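You will see chain A twice below: alongside chain B first, and alongside chain C after that.
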Partner chain A sequence: MRHALRIVWMAAEVQARELAVSGFMLFAAVFQPFFIGVTAMFMLRHRPDFDPVYVIVGTALTGLWSTLLFSGSGVINHERWMGTLELLAASPTSLFLIFSGKLIGTLVFSLLSLVLSYAIGALLFGYDVTIADPLGFVVSMLFALVSLWALGMLFAPLGILWRTVGRFLTGIEYPVYALAGFLFPILLLPVWSIPISYALSPYWAAEALHGASRGELDLAGLARTWLFLAITGAVAIVAAYRLFGVVLVRARRAGTLALS
Partner chain B sequence: MRLFFVTADYSFRALFHWVQPAQYLIYRALFPLTQLGFFALVGTYGGSQPISFYLVGNVIGTATITVFGVSQAVADERQQGTLSYLLASPAPRVPVFFGRATLHVVDGMLNMAAAVAIAVFVFGLQLPMERLTGLVIAMLVATIAICGVGLLMGAMALIVLDSAILANFAMFVILLLSGANVPLSELPGFAAAAGEAMPLTRSIAAARLYAGGAPLEAGLGLLAGDLLVGALYAVAGYALFTWLESTARRRGRLEGV
Partner chain C sequence: MSAIELRDVRRVFHTTTGTLRRKAKEVVALDGLSLEVAEGELFGLLGPNGAGKTTTIKILTTLLIPTSGTASVVGLDVVRDAAEVRRRIGFVFGGERGLYYRLSGRDNLRYFAELYAVPPREIGPRVEELVELVGLKDRVDERVEGYSRGMKQRLHLARTLLHRPRVIFLDEPTIGLDPIGARELRRIVSELHQGGATIILTTHYLFEADQLCQRIGVIDKGRLVALGTPSDLKANVSDLSVVELEVFGVDATSLDRLRGLDFVDSVVVEQRELRQLLRVQTRIADRAVAPLIAALGAADVGRVTVREATLEDAYVRLVGRLE
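For the complex of A and B:
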């Protein structure tokens, strides 16, 4: 167990260090949420029931999602470009464990967008930012992070097993902003798209965090969102585990790891 | 002229990696169209402006995606290892530099046409048919003007090494300050002034006039202003490009100016 945790910790640290000097990922975690947050603050502040916390939480979620999406879908390809994928696949350490750590590093890095979103509301616009249910918010954040991490783990092998799927993944950034209701309620979307929203962990993350931050959900309501975050996360991680197995089969039996 | 069009063709096809249609569709169609939908829905939820305000603003705003293509067409010469061959050639620099934006104008127009179709058929935007000419001219001017920013970003990327980040910055700054989503009157004074100095600001205003039924003459002044602003950015990009070239020759450090 200690051995596994050590590997996860080291992989997370290396990943966080790499992201901290990646201009593109810094843009996704810091600058893009800044522009989206400021734009959304201007666009939503005329609502009679305007609550800056709604924009802050929604903006933070866009940063979390974008960072996870781009990092998750490219994390294996990045190793391939660096020439280290074959070494990782051949090592006795579980590939799944290594990339688990890497995406934990990504999640920690992406929390920058949460800090930045708070700064937009509190410092740039001068709003009094208060979380209605701090404990519920913290628990919701933990559930959200674990569930989003699981989704990132699912994206990682997809990008290498099917190149077109990998490219398509980078195009779902804004659709998920909309389908998950980060900055507007999904009731504005067509009825047929609502079941898709329900199947997405980012939607339940937004429900939980918006609900806790604005005090709109009681404990039962929050528990319901946590349950769905746990279910969507579990489905994603089981699927990811199987796909990582396929990646290893390709590496060891077919010998086409670097050729997909 | 031959060099201009050869540069346009090859820089579009070879430098932007669009060998596969799937990649082309994702980066040049799916992304801007979903961006249009997202901002239109945020605006609708905000409720301070009618949805047509956001739809027209973001239809023209999809022109910002052109910045990526144009800037990469300039900056990727270094990444592909062809910058030294280009600069060593006796070819005149004006067609070599400005030709890179040509096909992106056509491409940007196709992109915007798709955005208009989405705005009309998905979001129910009502456009007066007799004012479509004005709207198409506004779209064309917006695309040409934004190419100026792309050329400048491409030349700048030869210094800072990453055209994608510069293009992303340009896109979000323009979407925030050009009035696509936030009326300039609501922005702080310095931000509104910066918005006035950017391409698309006047094209968006003109497109909104035409979508509201105004005659063609009403927006021509605005469109001429946007063309001028775009031209200034393009000339600034060319000046930077030629300065970088002469500096690189003088110092013998082409890859590390």
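For the complex of A and C:
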């Protein structure tokens, strides 16, 4: 167990350090949320029902989601491009464990968007960004991170097993912003799209974090969102575990662990 | 027990060509390869590009599954017991990739030491020991992106040795290295072998195989075409001499004429800027020079030398061509 934790820690550290110098991932975690946050503030701040905390949390979620989506769907291919995938696959450590650590590193890195979002609200626009239920918010954040991590773990083998799915994944960045209700409630969307939102862990993450930050959800309401985050996360991680096994066997059969 | 055993291994790759009208294509990389390497042996695997050397190494390092046949390393099947095989092997693939460039050499080694379950307390001393061995002590804390090709290759070697593997696979480890870097790497390989490791080396440099390997297997088109000590292989060409002719502007007709001479065993052409170097294997040595020059017709002939056949000549005779 201790060895597994050390692997996860090392893989997370390596990943976070790699991402910190990746222009694309900095765009996803910092620059894009900055533009989204600032634009949303300017667009919405004159509305009578404007809530800066809603925009801040929503902006942070866009950064978390984009970073996780791009890193998750590209993490295996990135290792392949660097020529390290074969080394990882030929080590005695399971790929699932290694990539678990890598995506934890991604999550830690993506928290930059949370810090940035608060800085935009508090420092750039001077709003009071008090969280109504800090404890509920922290617990919600933990559930959200674990559930999103599980989703990222599912994206990693999907993009490798089916290239079309991989391409599709990169296209769901903005639709999920809307379907998950990051920046506006899903009630504004067509009725038929609501069940899709309910099936997405980013929706439950947004529901929990918005609810806790604005104090709109009591403990029972929050517990409901945590339950759905746990369920969507568990489904994703079980599927990811199975797919990682398939990926390795298929790649060894097809000879696709290396570029050449 | 053999360190390595391949029994009738066949590996077929399926690819497609074309965009609109896609055609399935089958490439046979290994075609019934059987081979045994003894424990503690330094074994060379030679062959032209596409012969199946790297495929063989990748099967033995559990990165590829054979289409048919069996392969084992230290008695463990590479498909069934892949996880156990991985604990006992190390490998270096030629080239600069396979490292985390934004990390230091030390961080790369620490990371792979964790992946290979080196006990935490041993990681520090082991990394120190290995960077000393491969001569990276002064640069190990710098980012890998600033390393030369030779340094990266030495770092790869250190990474391979972290968990003290019983069998080491070196796939063209000196490719692209300058002569001093390559010599240094050969020295380290030789030391590792003296330390008791079983080493499988693939290389395009025949003198390297001659210098390092106890036995050599030559594969071509996925089949083993020769196996023996370097002396055994050289004995195959002991009846041959090699006439090397430096020529300017030799044409295909002259080369065909040369190849048609009854005392000529093989002709290899090496392009050297504006000149060509013709290596003609023949049984009649000195007496061949005049008829060879005559057969070249109008081509300008420069320096001509006659020498004994080497391992490279034995290799050329075996595979019938030089890359």
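Throughout what follows, the second predicted complex is superposed on the first by the 251 of 260 C-alpha atoms of A that agree within 3 Å, B and C clash if a C-alpha of one lies under 4 Å from a C-alpha of the other, contacts with A are read in each partner's own complex, and residues count from 1 in each chain.
In the analysis below, contacts are C-beta pairs under 8 Å (C-beta built on N, C-alpha and C of every residue); 3 or more make two chains touch, one makes a residue touch a chain.
Being a predicted model, the structure only gives us computed values, none of them experimental.
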| item | value |
| --- | --- |
| First, second, both or neither for A:Arg47, with chain B first and chain C second | first |
| Which superposed partner A:Ser91 touches (first chain B, second chain C, both, neither) | second |
| First (chain B), second (chain C), both or neither touched by A:Thr164 | first |
| Partner chain in contact with A:Tyr177 - chain B first, chain C second, else both or neither | first |
| Partner chain(s) touched by A:Val191 [first = chain B, second = chain C, both, neither] | neither |
| Which of chain B and chain C A:Met1 touches, first, second, both or neither | neither |
| Partner chain(s) touched by A:Ala220 [first = chain B, second = chain C, both, neither] | neither |
| For the chain A and chain B complex, residues of the former touching the latter | 23-24, 27, 31-32, 35-36, 38-40, 42-47, 164, 167-168, 170-171, 173-175, 177-178, 183-185, 188-189 |
| Chain A - residues contacting chain C, complex | 3, 6-7, 10-11, 14, 17-18, 21, 82-84, 86-93, 98, 249, 252-255, 257-258 |
| Residues of chain C that touch chain A when the two form their complex | 13-14, 55, 58, 61-65, 83, 86-87, 89, 91, 93, 95, 97-103, 107, 110-112, 114-117, 120, 159 |
| Partner chain A, residues of chain B touching it in the complex | 20, 22-23, 26-27, 30-31, 34-35, 37-39, 41-48, 162, 164-165, 168-169, 172-173, 175-176, 181-182, 186-187 |
